[in-house]
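Here come two complexes built around subunit A, the first alongside subunit B, the second alongside subunit C.
Presenting the complex of A and B:
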């Protein structure tokens, strides 16, 4: 009974999303105030019903109702309760339900937190969001219903969740990532509403900026979590594979990063407006494209769930309608947008323009590398794959100008900058960052490579550049300490975000250049040594978990005769799906990780083992964490606190 | 030219130069990193679509089923070799030095990335067997159509 109720509730939510589109727009058309104001109530109602439906599905997972097909294929009574809960979004149907739930959460947040915005604008935004929801509801109800039954021959127990996904990382990774993906729909809705209205001013940029930054923050965290999960769970110690699905999440991130910078310019200087609108459309379109790529099964990857052509077709149609429609609207309306501000060639505006160009270039590279294999195959030229070296090489090239401009960019003034004024700070910047680079490499590098020199220098350049900017800005009028206290939250956010990027660049450089990876054959009692470290293979013991069995190895790790860690990598066999899983043992540290993963037992009783030394790998996730914190900081900026913006001010602007 | 136009011209030309540079770079990098997918039969007889055979030393991807009893290991190291077959009947030997994935098994479809040593031998830098029992890359499952019997008998 309960599953049917869940389905009906979902259908009701779908109806509300339809009303949320039609009624407010009709109200605007017919000048009917009550209809316009109903948008908020309808949004909240839609949220209540979809949330109820989601809760029902989660409850069914918790009580192991295997009469529901989705639960029977993706859960098992032996799984601990938290994995049963996260299994709700462990596969196609549930993850789509999560998607619409999050979309309605964002919509409701917009409805409740935009009290100071003109009612008509909010109604338009909510109508656009309702339209997006409607498409996804239809998709869920028509092609991927999570409440389908297995009756009358239901299984006694479930087929278990894919063991790869039974992990703490999976509890958080998809919701975070989806919050980001779906969050761009708000920026998109604001842009579309503004286009419909034909009114694009800096107020628009101001309203949509905190929403965009919130979405970007979630996406940043989601991607970082995914990378961290891949590192410890996939068992071969990589942190980014340029897998099509990773690319699918990386593309909206690149567009989103460009968008938040361009929004800043639109808000502060009133230029780049139509470009910003285009970016908002792009960011959300890429989120949709990502969903299409992942869910339609056209791509081959760990993330691809069982595919079904009707689903692919549905998403493709939806994609074409949304992207095509919004671009058409843009083409018709964008000419009405006039940028008033002026700026000279050397100015903060130009710096941010360059930032945008480089980000879009990176985006195009990723898009090309992801879609080319598909196109190639569809054209009957045979299957191809595009290797990691392609992306690595191009990103190595692109990051150089990006980082150089980033380091200087914040020192350059808005509107016009005198080049000769910039000369002295540039020299200081160059000297200090070079010195720091050399000190850093002498302290932490085991040998010299040019790429390491370049990468660490770029990181230091950004760090020193942002540090100098803070110093110059604070001492401009006050003493350093008072000046620093007077800087706004969003200023600190910029500093923190840029520093986070620098930390990530340094982390990537060190990991790629100074990591040591050994795949070795070890018998119990054998050792492998490198770089002061000695890994001794002590023993292999049996392992018994709740829904898996297996073995666990034991390694004693010594650094110059001193024991630093006892590591226990596992090899699990999940009983239901008969799947082998490698659980790596990781000894993490600020400047290095030690990583051991068991391979397989060889015919002569020895084991193949991966023993890795990963230099500075934590920094790769620490950097994005700083960026996400920066995003949180902006949202707490005085300017965006809803109550402080007076109604009259909002209307005058 | 007034200064505004001049500025625009400068920006546009900068954009044009950057863009063409980027395109050139991307195409160059692409050219070196596209790996065509072959089945064992295609390596011996040439691609189905074009009839072109891979050249010795070429980087490529190969997918097929690991022949029962063909896995040979070096007792001293992690070096291993095995034969791949597909429904066209061609057999190619793959050499690999490293740790095979968890789901690598005789009678299982796998994909290997590497370069061609000679007409029927490949040196692999990476061997992939996907994590899901039911999962098989579409290229491989295509190449194995009609081999179910063969697979079942071996199990």
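Presenting the complex of A and C:
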């Protein structure tokens, strides 16, 4: 009975989303205040019902109701409860439900936190969000119902969740990523509402900025988490593979990064307005495209798709309506926008324009690399694959101007910068960052490579550049300490975000250039040595987990005769699906990770073992963490807080 | 005049999007079984891969020379391969030389699969990371390459081999190869 209730509740939520579109828009059209104001309450009701439906599905997973087809294929009774819970979004149907739930959470947040905005504008934004939800509800209800039953012949127990997905990473990674994807819908809705209204002033940039940064923060965390998860769970020791699924999350991130920068210009200077709107549409469109490409399998496996094109057709129709419709609106309405601000060639505006151009260039590279195999095939040119070397080479080229401009960008003034004033800081910047690079490489590099020199230099260049910016800004009018205290949160956020990027660049450079990977054949008692490290294979023991068995190896690791770690890589066999999984043992450190993964046992009793030394790999995730923290810092900026306080104070009066 | 020109410029994203949609739409309905490989008429690219059963044993492209054969790409995660397996065993029983390539798979599972279901392959390659698969432009499993005695790829079949398509078309292609 409960699954049916869940479905009915979902249908009710769908109805509310329809009302959320129609009623407020009608109110605006007919000048009915009550209809306009109903947008908020309808949004909240929609959220209540979809949340209820989600809770019902989660409960059904917890009590192992295998009469529900989706649960029978993705969960079983031997899994611990938290994995049963995360299995809710482990596959197609459930993850779509999660999507629409998150969309309603964002919508509700907009409804509740936009008290300062004109009621009509909020109503328009909520109507656009409602329209997006409506499409998703229809998709879930008509083609991918998670509450479908297997009656009357239901299985006694379910199939396992894919063992790769039975991990703490999966509990957080997809919701985090989806929060980011879906969050861009708010920026999108604000942009569309502004276009509908025909009023593209800097007000909308100001309103949508905190939402965009919030979404970007989630996406940054989500991607970093996914990368970290791939590193320690998949057993390959890699951190980014340029596969279509990763690219699908990377593209909205690139567009979103461009968007938060261009929003800043639009708000502060009133220029780039129509460009910013296009970016807002692009960021969300790519989120949609990403979700669908991954979920529908157009790219990953064509085979699964040809058998059932209904889902694909629905997706495509939705994409055409949403993206095509908004681009059409853009083409018609954006022509009315007039830019007010002026700026000269050497100015902060130009710097941010270059930032945008480079980010979009990177975006196009990823988009082409992901979609070209598909297009190529359709044009009858045969199948091709585009792999890591292509992306790595192009990104190595793109990051150079990006980092160089980033380092000086924040030193340049808005509107107009005298080039000669910039000369002295540039020289200092060049000298200091070169010195730091050399010191860093002497301390941590085992040998010399040009790419390492370049990468570390770019990182140092950004770090020194942002540091100088803080120094110059603070000492502009006050002493250093007073000046630093006077800088706003968003200023510190910018610094932190840029420093995070620099840390990531250094991390990637060091990892790519100085890591050591060895695939070795070891007997118990054997050792493998490199870089002062000695890995001694002590023993192999049996392993018994809740829904898996297997073996666990034991290695003692010494650094110059001194024991630094005892590492225990596991090899698990999951009993239900009979799949084997590698659980690598990782000894993490600030400047290096040690990584051991057990391979197969060979006929002569020896083991094939992968031993990695990963230089500075933590920095690759530490950087994005700093960027995400920067996003959080902006949320607490005075501009967003003070007004809220004064507003509530006004209400008291 | 100026305004209509501006609208035209601003329509560029829309046009690009619509073109992309056209390809996505085509992608929905294209029969993936008609994939062409750029490698047809060429030799199999150079590679070294481990033997499925014995990680110490390495194979290279020379195994494709000397007799005409089928190179079958399969994996234990692929349900269609399961359906195809019986037919492959039948073909092997008729004396066809078939080389198997276990694609992006787990060694232990794959060995168990071949032990349980009979092994139709004269040689089993283990392409764990899909490196040879990438060179061959493999999109998924199953796929089968028809390779002649000089090691030149003559035909590529995407999807399972079965009685019907073998009788209709594929056996003729195989028989016509040298």
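One rule holds in what follows: the second predicted complex is superposed on the first by the 632 of 653 C-alpha atoms of A that agree within 3 Å, B and C clash if a C-alpha of one lies under 4 Å from a C-alpha of the other, contacts with A are read in each partner's own complex, and residues count from 1 in each chain.
Simple rule for what comes next: a residue touches a chain if its C-beta (ideal position, glycine included) is under 8 Å from a C-beta of that chain, and two chains touch if they have at least 3 such contacts.
Not measured: the values here are computed from a predicted model.
> Looking at the overlay, what does A:453 touch: subunit B (first), subunit C (second), both, or neither?
Neither partner.
> One more residue to check, A:394. First (subunit B), second (subunit C), both or neither?
A:394: touches subunit B, not subunit C.
> Which holds for A:603: it touches subunit B only (first), subunit C only (second), both, or neither?
After superposing on A, A:603 lies in contact with both subunit B and subunit C.
> Once the structures are superposed on A, label A:324 by its partner contacts, choosing first (subunit B), second (subunit C), both or neither.
second
> Counting only touches as set out at the top, which of subunit B and subunit C does A:345 meet: first, second, both, neither?
A:345 sits against subunit B, while subunit C stays out of touch.
> Looking at the overlay, what does A:313 touch: subunit B (first), subunit C (second), both, or neither?
A:313: touches subunit C, not subunit B.
> Once the shared chain is lined up, is A:196 touching subunit B (first), subunit C (second), both, or neither of them?
neither
> For A:580, using the defined touch cut-off, is the partner it touches subunit B, subunit C, both, or neither? Pick first, second, both or neither.
Once the two structures are laid over each other on A, A:580 reaches both partners.
> By the touch definition above, which subunit A residues appear in both interfaces, subunit B in one complex and subunit C in the other?
In subunit A, positions 302, 380-385, 387, 521, 578-580, 599-600, 602-603, 608 sit in both the subunit B and subunit C interfaces.
> Which part of subunit A faces subunit B closely enough to touch in the complex?
162, 164, 235, 300, 302, 342, 344-345, 350, 353, 357, 361, 364-365, 368-369, 372, 380-387, 389-390, 393-394, 397, 519-521, 577-582, 599-600, 602-604, 608-610
> Please output the residues of subunit A touching subunit C within their complex, sorted ascending.
236, 274, 278, 281-282, 285, 298, 301-303, 305-306, 309, 312-313, 316, 319-320, 323-324, 327-328, 330-332, 334-335, 371, 374-375, 377-378, 380-385, 387, 521, 573, 578-580, 599-600, 602-603, 608
> Quick check on the complex: what are the subunit C residues that touch subunit A?
On the subunit C side, the touching residues are 3, 6-7, 10-11, 13-14, 17-18, 20-21, 23-32, 35-38, 54-56, 80, 106-109, 112, 129, 134, 137, 139-140, 159.
> List the residues on subunit B that touch subunit A in their complex, please.
Residues 4, 7, 10-11, 15, 18, 22, 25-26, 29-30, 32-37, 47-50, 59, 61, 73, 75-78, 97-100, 102-104, 113, 130-133, 137-139 of subunit B touch subunit A in their complex.
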